[in-house]
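We call the chains A, B, C and D, going by the order they appear; numbering starts again at 1 in every chain.
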Amino acid sequence: MKNIFSIPILVCLVISIPFSIFAQEKQSDSLIETSKVIAEPATSLIVSDYKYDNGNSLKLNWVPSIDDQLPAGKVTGYELFRSVNGGGFERIAEFPPQKNSFQDDKVEIGSSYVYYIDALSKDTATSSAKTELINPEREWFNAGKIPLLIMALIIAGSIFYFIETARRGKTLFVRKIAGLEAIDDAIGRATEMGRPILFIPGIQDMDDVQTLAGLTILGRVSKVIADYDTRIFMPVSRSLVMTAGRETIKAAYQSAGRPDAYSDDMVNYITDEQFGYVAAVDGIMVREKPATVFLLGAFFAESLILAETGNSIGAIQIAGTARPAQLPFFIAACDFTLIGEELFAASAYLSGEPKQMGSLKGQDVGKAIALIVILIGVIAATFSTAWDIAFMTSIYDFFTTIFSVSK
Amino acid sequence: MKKTAIIVTAVVMGLFILSWVLKANAVSATAESNYILRGFLVTIAAFLTLSVLSFLYKDNPFYKFAEHLFVGVSAAFWMCLGFWSTIVGNLIPRVSEGLSNTFKVPYIGGDWGNVLGLDIMNVVFVFPIIFGIMLIMRLSSNYGWISRWPLALIVGTTAGLNFVRYLQSDFIQQVSSTFVPLLGNNWTGFGDFFSNLSLDASGQLVLMLANWVIFIGVFCGLIYFFFSKEHTGAFGKASRVGIWILMITFGASFGYTVMGRISLLVGRITFLFKDWLEIIS
Amino acid sequence: MNNFLLISLSDIGVIISLIVIFGGLLWLFVRSIKAKEVDRRIIFIFIFVAVAAPILFPITFQESATEVVKGVYNKIENLPAGSRILISFDFDPAMAPEVQPMANAISAHALEKGHKIIFMSLWATGQALLSQTLETVIIPQFPEKEEFVDYVNIGYKAGNEGVLNVIVADFRQMFPTDVNSVPLDSMPIFYNLKSCKDLDMIVSIGGGKPGPKEWVLFVGDPGNIPMGVGVAAVVAPQLYPYYPKQVVGILGGVKGAAEYESELVKNYQKFEDMETPGLRMMGPQTLAHIVIMSFIIIGNVIFFRSRRKDGTK
Amino acid sequence: MKREIPLFITFFVGTLLIIAVFIPPIENIEKTFTLFFDIIAVFAFFLGGGNLIRVHVHKLVNGKKDWVYSLVTLGGFALMLIAGLFKIGNDGGIAASVTAEGSWFQEIFNYVINPLQSTMYALLAFFVASASYRAFRAKNKEATILLIAAFIILLGRTPFGMMLTGWIPDSFSIFQIPNLAIWIMNSANLAGQRAIMIGIGLGVVSMSLRLILGVERTYLGEEGK
């Protein structure tokens, strides 16, 4: 307990130091020009390279026209013009009044650019001075992604730390996960009834982590099966999964000392077509009448078709997926369901290896960070919107900056 | 038993041919020239539809026929699509100008420049071909182990891509979306709040309550997922609230989904009534 | 006279089917008090009748648009004419009855407002449905709109999210030509349009993977482009966390389509007599929902009765 | 060697792709790898197709039960493969789109795959009903919550929700069922979804890390050590 929460708190504190400096950075406003008689142009148009990218952005700042200083002034908006490599000027964007900055993401490295901006009044446009010629530059590190990097490092670091701790022999507590406790019983039941086991690793290919999670659980399941000598069917809808599935089961039979009992016919490719696959699996279910059905992986609409058919033949069903949309159907139609993260935790949990268990504890650090940040964020959001407390607003801004999808 | 099977098959065949004739006749009235084929195609579509629906009663030869046909045809369907769109559409234009011309696809190799007289893109895209061939080595019993290499490449790609992607969109983004103001967005003080206590659906109190539920729900939901701590005491209570929130989520999603599922059946029945039987317009 | 007879015939049909459904449910309910389980095939028959009957004898209900649906509608309404919108058909024929009405309604709305549309699909099977929309909705309703100027169909490319990853930076790398091998560079609609970032809005219609969610993650978010989504009801709740920050609005299932259609019919004279498949589909929906709710009640009655029985024994 | 090289490949590729995210000049490398995956996956089709043929020919030759149906599968497979690879009936020869209207490939898709696919999908309408009949029973506290939430949403999706509760005055309109349904979708449902998503995010991160580090290697047919 102490371990889990103290790490994230410390980490939050440490990373907040450089960021509070970042947050303080401000643009210096240039002085506003003295007023003249007609709609004034915008001034101080400055273009600069947008740092931390591959040379595909430029940043523009300007001071709005003096006639735009009052609400309902003469200015109705702005238009930005750009010339590429000395060519003619083209309008690339327009803005409402009061706007004073823009980021041009449509530039290319190796080209040079000149900009000017028009202040629009009811019937005329007045142009600002042109900017200096600028070439976008390429950087080798995307500093805009530092928050992401820090988050990645903290979470990966704590997972790594606990894997190491566990490897050194410290035992870590992991709570029971209902569906997993049932796996051995379910296989035992199939053995007693002399009926086969059906294993379905979802309908996605190897490029989905859920399929990989399903396969790792298959590794443990097939070990038990190899010991009990139960039959297993594993129809799959991707040939790559077939290859991996065969490797997995074969290894289990080998380690059980019965390589002859293994046959490639245990795992078969059906078709890549989602419902063609479902039609075939439904057929297998009603004809082979498996006693136990595992549905572990990425599932889509077929989840309920498979689970209901499995239920109608009286099979024990253990399901798990990280597709939130399909979880309700598994919950409704299956005996045990691994919810989201539990699917990924299952492989580690079942292995019983300390190293893998350690990674679960690392995940918990991530959750602890989420809990603490949410708590702080909610408090800050509450106070800053209700009473406009500057301190709270800056905390809120700070956390939303770190926890935002960076470009 | 055998007799009934023959009778049923005969009746179905008879109906099939009847439908074919009637359908061809109906189509011939329109501009369609190939009405015999068209009549057959609509009939087979209807036949397959009914065959699949018959599975609801129980497994039967018609379902088996539909199922096996589906598997064969669809496996080839995806193979052809993979061949034309990935191999011809994406691989060939990157490795060979000659083949690109043969298949009449625009050649895009050369975009990455040359090194030592070799086109970089051409060279890079030889790798997936090599890995693809390694995968097929699976069929050999002596060199089957080499198929692990492409598998390892794919798993590495999956792990690397998903690490950052899920961290961003499922973790970071969802955490910051939960920074909700518990007093709503336009709080004007306790006095106003108490003088304005309505349970209007878009009212202040209701929006505030939603934010409270989101906050507590996410918080307790996360506690439920803690693995390394026994769910007892206050922690256990919070995790229990977490389960309740998850149950509401599952119930709500289930209820919400029913509509979509019914639509699909509407689509099929409309097909039967409209395109096949033509009893509705 | 003939007309009158027709209406009453259909009314008789409605009445008979309602009597059959509700009579049957009542009978099952009475049985359930004796704690008798219902075979699942009986449930199947009820669902079939509840869906088939309103298709034969149409029953329609009133709809009004909710906020999430209006989000998409208003975004299209408020974009300046001539804006470029990409509409992606990320679904297959199986999902089409649920989501194609949305695709049709949104396309028609956008063209009517004078926007330009780029059509594409991430699903191989979506391509045919896309042509269907073009042939049955766009061309007949908007004969004055020109291909390559007001709309274009760039078709399907394999690669799922990979496609998105590429086009967010460069269209031509993934789609050098449109579906008929016409180079993009030759089209006015693609003038000055390099990547998705140059679009004014993206609408993804779908329900599986890849679909709206992938569009948000791979294109909408990284490119900061306004996204509207239309999804099968099943995935709609999953997209709610993205509203309103990452998507401007969500059309969920047939009901979403029906709401969008009702908004169009209400505000545009041109669309007054348009096909409203979404609205029409709400009849079977309502009856089927009632049947399912009744079965939930029946199931619970059976459960409590049998528990009491067990208790007394 | 049989062991180390695959583990090294996974480690190298995984790490490279993570680092690439932060280095602008190679941030597009993931696109190349995604393409690699697609290409390798097509090679895998040959493996899958070959396996399909092998299984069904085996059934046919050995005269196993239901061998007739294997004939159907093989026939369908061959027909579609020929139609697709040779683009029969596609106007414009080799450059034509494989799914061009009027081609054999597209006709078979329209009249065989499409009805089968949509009908399989439509079975869900029936299964949703049978699942809710069986599963939504108030067996315990959790099940009761599940049941109530589902029921409210179901009612809210029909005009009957409004008919039943339309009399409730506007100042209490949250108790009108359609409004309540939307409120639940946007609050409790959203909270639950989010908690699940955050958990999944961490689960995937941890799983990816285990794969990259070689702690998890079942998919290679090896036991972790």
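Methods note: contacts are C-beta pairs under 8 Å (C-beta built on N, C-alpha and C of every residue); 3 or more make two chains touch, one makes a residue touch a chain.
Since the structure is predicted, the reported quantities are computational estimates derived from the model, not experimental observations.
With centres defined by CA atoms alone, the chain at the far end from subunit B is A. The interface holding more C-beta pairs in contact, when A-B is weighed against C-D, is A-B.
Spacing of subunit C relative to subunit D, judged by their CA centroids, is 19 angstrom.
Separation between the centroids of subunit B and subunit D, computed from CA atoms only, is 4 Å. Computed centre separation for the pair subunit A/subunit D is 18 angstrom, with centres defined by C-alpha atoms.
Residues of subunit D in contact with two or more other chains: 18, 21, 30, 34-35, 37-38, 40-41, 44-45, 47-49, 52, 95, 99, 109-110, 113-114, 116-118, 120-126, 128, 130, 132, 134, 136, 146-147, 150-151, 154, 157, 182, 185-186, 189-190, 193-194, 196-200, 202, 204-205, 207-209, 211, 219-221. In subunit A, the residues that touch at least two other chains are 148, 152, 155, 206-207, 209, 212, 240, 243-244, 247, 270-273, 275-276, 279, 301, 324-325, 327, 329, 331-332, 339-342, 345, 360, 363, 366-367, 370, 405. Each of the following residues of subunit B touches two or more other chains: 52, 55-56, 64, 66-67, 70-75, 77-78, 81-82, 85-86, 90, 135, 138, 148, 151, 154-155, 157-159, 161-164, 166-167, 169, 171-175, 177-178, 215, 218, 222, 225, 246, 249-254, 256-259, 261-262, 264-265, 267. Subunit C contributes residues 40, 94, 194, 197-198, 208-209, 221-222, 224, 234-235, 237-238 to its touches with subunit A in the complex. By the touch rule above, subunit B contacts subunit A in their complex via residues 52, 55, 58-59, 63-64, 66-67, 70-75, 77-78, 135, 138, 147-148, 151, 154-155, 157-159, 161-164, 166-169, 171-173, 175-176, 178-187, 215, 218-219, 222-223, 225-231, 246, 249-251, 253-254, 257. Against subunit B, the residues of subunit A that register as touching in their complex are 1, 4, 148, 151-152, 155, 172-175, 177, 206-209, 212, 240, 243-244, 247, 270-273, 275-277, 279-280, 282-283, 286-287, 324-325, 327-329, 331-332, 339-342, 345, 349, 360-361, 363-364, 366-367, 370-371, 373-375, 377-378, 380-382, 384-387, 396, 399-400, 403-406. Residues 52-55, 138-142, 145, 148-149, 152, 155-156, 159-160, 163, 205-207, 209, 212-213, 215-216, 218-219, 238-240, 242-244, 247-248, 250-251, 255, 265, 268-276, 278-279, 301, 304-305, 307-308, 311, 322, 324, 327, 329, 331-333, 339-345, 347-348, 351, 353, 355-356, 359-360, 362-363, 366-367, 370 of subunit A are the ones touching subunit D in the complex. On subunit B, the positions that touch subunit C within their shared complex are 56-57, 81-82, 85-86, 89-90, 106, 108, 165, 169, 173-174, 177, 249, 252-253, 256-267, 269-270, 273, 279-280.
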